[in-house]
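Next, two complexes with subunit A in common: one pairs it with subunit B, the other with subunit C.
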Partner chain A sequence: MDEILKVSNLKTVFYDNSREVHAVNDVSFSIREGETFGLIGESGCGKSATCRSIIGLLKENGKITEGEILYKGKNLVKMSRKELEKIRGHEIGMIFQEPMTTLNPVVKIETQITECLPKTMSRADKKKRAEELLKMVGIADAGQRLSAYSYELSGGMRQRVMIAIALAAGPRLLLADEPTTALDVTIQDQILKLLMDLKQELKMSMILVTHDLGVASQTCDRIAVMYAGKIVEMSDVHALFLNPCHPYTRGLLESIPTISKKGSRLIPIEGMPPNLKKLPEGCAFAPRCRFCRSICLQQEPQLQEVETGHFSRCHFRGEPEGEK
Partner chain B sequence: MKEFNYIIKRILQMIPALLVITVIIFAGMRLIPGDPAITMLGTHYSDAAAEGLRHKLGLDQPLFFQYLLFLKQVLTFDFGNSITMNAPVWDLFKQKAVVTLTLTLVTAIFTIIISFIFGYAAGMSRHPLISKTIDSIALVMLSIPEFWIGIQLMLIFGLNLKLLPVGGWGSTWPEHIRSMILPAISGAMGTSALMIRNIEEEITKIKKQDYVDFAYSKGLKKGVVRNRYILKNVMVSTVTLLSMRVIGMFAGSVVIETVFALPGLGSLLMQGIMARDYTLVQSLVYIFAVIVLVMNLLTDISYSFLNPRIRLE
Partner chain C sequence: MKSEEKILLKIEHLSTTFPIKQTIIEKVQKKPEKTVQAVSDVSLEIHEGETLGLVGESGCGKSTLAKTILHLCEPTAGSIQLDGVGELVNANKPVVKQMYKNVQMIFQDPYSSLNPRMSIRKMFYEIMAVHHLCEKSEYEQKTKNILDMVGMPEDILDRRPSAFSGGQRQRIGIARALVMNPRLLIADEPVSALDMSIQAQIINLLVELKEKLNLTMLFISHDLRVVQYLSDRVAVMYLGKIVEEAPAEELFKNPRHPYTDILIHAAPEVNPEVRSREYMIEGETPSPIKIPTGCRFHPRCPYAKEICREKEPERKYIKEHCSVACHFPLHIQEI
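This part shows the complex of A and B:
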């Protein structure tokens, strides 16, 4: 399979009162055609910033300082605004976390879909296509909903509309930034299933950003775990869940409640993620790590291949000997 | 149908409001010291003449009867004659309203042009220097009284450059419009300053919204996002402010009309108050009240077009 997206050594910095916040710090990964790639981690670990860097929509105080993002061989970082406008929507689409605030409140749904369609289409064709798109995302009375405004729809419905809009121009790669986080659990499942079905049907690739390991395990082919702006572990989904190598990944997995663990206490990861303005020397996770050794506090580990296609950023290659 | 019911309801709600207004106007006018008979007679004053005039004007009737008479005028929209100007109030109103209406219209146009250009520039600009400069100028404009701006403009464009008339209304439409330019600019400054700050604030707020990012992520052109996503949402609050100020201009352009010697409603009202012309002032203020109420209703109706979340119910 060909690579559709290749991110190399991406560094994204946010400027907060002239202090630099390293939101994305030397991140590299690639996504193959048709693959679902999961980016997981705690809030503020750089998942969303990575997504926004790819589509060129960082907030005003954010900037990509290093690295390249190759989409089908073309570097998105070096593109002009005009070139990016052609990529956005048509090649790379994005769906956002908050369905309540992501639709324009004063414009009808129909317009928000049809404006993404090619200008060469006639009005009637556009309307027909918009209705098809709404049907595709499982909205029953699609024809009527076209003339609705976003405030007239429920959260789950808005998320469906948002997906329909993002898919309108037929993107090949979909960035889904926590698409289900703001929804009820029952709706979450429906939306997730819808996304996976659509991905299959339209043969898209997808980056799924989530902090929910359960969601990631069900949907992703490969997963990258991010911590403090860096990828700490990356592998295909089975290896990651069966043989987690990085202590952070292990910590995350141990903190998921399951039925079989019922009665036993969950093991939390102690402490807080580090301040991105002032990263500690050595391994960023060391202060919270159960297996921390003196080398961890002095020297930053590199991302090393533990087994084929399975990378971990830990000095101990996944075999830390006992707790400290 | 709901919309129709809403409008009917709103019109019915105006009735008690207008009744209260008649009481306030009537009482307010009588509470001002002074007597129209004395003012009218001036140097020809004698006790007998004043008595006769009061009788002629109906001012010797008990206050309650005078109020009922006023109510009758209000209800029939036949306001009677002005006491001092010897002409029907309605005719005077129509004649002067043309001037004030033109002034309001031209002022509103200037306000819209000035405030949207500068508010848009200040809000959209990524350079803090531009927005800060515009902001500071707006703040200064907000603090300068409009009559002072009026006098300065008169000095520069009227007296020194002799480009535009210093005052007056002229006798043909081209003259009317020319004579409106300076007063309208003076009147537009304060409101524009308010609007600039409002538009800037709204744009800064709205351009950070998720739906704007989402719009860009769809591949929409910058212009489309700015018009359909940012400006359209900015309009919701801006129209409220503008309409409130325009209504205010129509009913309260006394200062500008006085500075530029424009024979409009503001000047008429001032003359009426000075002469204690009860009929004229009462009727004028009442007409203003009706206009304000109607304009408010129209504004509320226009909201439902701008902001679909507002329903007329």
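This part shows the complex of A and C:
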């Protein structure tokens, strides 16, 4: 399979009152044609910032300082605004987390979809295409819904409209930033199913950003776990969930409450995520790590391949021997 | 859970409705005022020392039920009996004050539920002063004890909420509820605003406190995994009604109501080897303004028959502690 996107050594910095926040710190990964790649982690770990760096939608105080993002061999970081606009929305589409705030409440759904269609299309064609798109994302009586405003729709419907907008120009790569976080479980189930079906039908690749391990395990082919701006573990979905190597991934999996853990205590990850403005020396996870050794506090581990296609950023492959 | 256990809170046929604001045109035309029935004919019992989980999707009325118990909304019908205090519906002021000494709440959003302009000290002293909990000289020691119980250092008294992270704020929120030494703790989605690793810390804290203080808890959540882990009994709500109630293990093993069954299977499985995708629910929750006729769930139910469209099913006990409101409950042969 060909690589559609290759991100290497990406560094994104946000400037907050002249202090630098390293939101994305040396992130490298690649996505193959037709693959669903999951980015998981807790809030502030840099998963959304990675996504926004790819599509060039960082806030004014954010900047890509190093690295390259190759989309079909072309470097998006070096591109001019005009060139980027040909790719953004056309080749790469994005679905945002909050369908309530990302749709314009004073513009009709039809206008919001047709905006994304090629300018050469006639008005009647655009309308027809918009209706098709709404049908494709499973909205009943699509024709009538075209003239609706976003506030007239429910949360699930709005997310469907968002997907229709993202798909309008027929993107090859879809970035979905927490597409179901604001929705109820039954609606989440519907939206995820829809996304997977559409991905298959339109032969797209997808990056799915989520904090929900369940969502990731059910939809992704490969997953990268991020912590404090870095990828700490990356592998295919089965190896990651069945044989997690990094203590952070293991901690996340252990802290999920399940029926079999009932009656016994959960094993939480102690402490809090580090402040990105002053990262600790050595491994960023060391202060919270159960297996922390002196080397972890001094030297930063590199992303190592523990088995084919399974990478972990830890000094130890499994549990280190001996006491702390 | 044993039947001889003391009932701490008994809710009978409780309904809460909210009026819908009319437009000027509707007022001029003198159209009848419309209402939303957020909680409709709910009966529940909470026994001393147990955790009752209340599950449902957004808008099903679970938070309104909690607010009604706490006198933050006025019910339109029904009764709420609190052991040792009495009837809470239409109660007078002294009774309500007495109720607050027994029932306390933990809120969902730790960022908006703590007053940003009040220091931790002021926040706790105020509660103790209002309810005359102890002598002024004991305030500081009592606050420190409570904070220690929820795992917060005692030198934080003069800081304000902005100095703390989400998980720490939630700990302070729990401490604030515990100052009153309540018999019933109502936790409304206490972990849904928190990150995964912090979530487990707070869940552990709740389990620990429950054991240590023999707390009774009404745990409201939309996350079935958390409810499953924490609760002794679970009640499932849909559009203002309790559709099923059963001990936690029983409910997750043999869900009787089709909605419960779908809800359990809609939660994505963490193990990638288990692909649970054969269950799909059609449609979305109807608006509580236009409640469907007959069974409220019938437009989305995969098993709906003619009778479901016409007649609303009553809540029936199929065995001890297991009740379901469905004409055709599932897994009935396994009894």
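The working rule: the second predicted complex is superposed on the first by the 320 of 324 C-alpha atoms of A that agree within 3 Å, B and C clash if a C-alpha of one lies under 4 Å from a C-alpha of the other, contacts with A are read in each partner's own complex, and residues count from 1 in each chain.
Just so we're on the same page, a contact is a pair of C-beta atoms (placed from the backbone, for glycine too) under 8 Å apart; a residue touches a chain by one contact, two chains touch by 3 or more.
Given the structure is predicted, the values throughout are model-derived calculations rather than measurements.
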item	value
Subunit B versus subunit C as contact partner of A:203, first or second or both or neither	neither
Which of subunit B and subunit C A:278 touches, first, second, both or neither	neither
Touched partner set for A:119, first subunit B, second subunit C, both or neither	neither
Touch count on subunit A, higher of subunit B and subunit C	C
Contacts of A:237 with subunit B and subunit C, given as first, second, both or neither	second
Subunit B versus subunit C as contact partner of A:186, first or second or both or neither	second
Contacts of A:169 with subunit B and subunit C, given as first, second, both or neither	first
Of all residues in subunit B, those that touch subunit A in their complex	126, 208-211, 213-222, 224, 228-229, 232-233, 236, 306-309
Complex contact set, residues of subunit A against subunit B	55, 57, 59-60, 81, 85-90, 93-94, 96, 98, 101-107, 111, 115-116, 149, 151, 162, 165-166, 168-169
Contacting residues of subunit C [partner subunit A, same complex]	57-58, 165, 167-168, 195-201, 203-204, 207-208, 222, 224-226, 228-230, 248-249, 252, 262-263, 266-273, 275-277, 279-281, 284-285
For the subunit A and subunit C complex, residues of the former touching the latter	42-43, 154, 156-157, 184-190, 192-193, 211-215, 217-218, 237-238, 241-242, 251-259, 261-262, 265-270, 272-273, 288
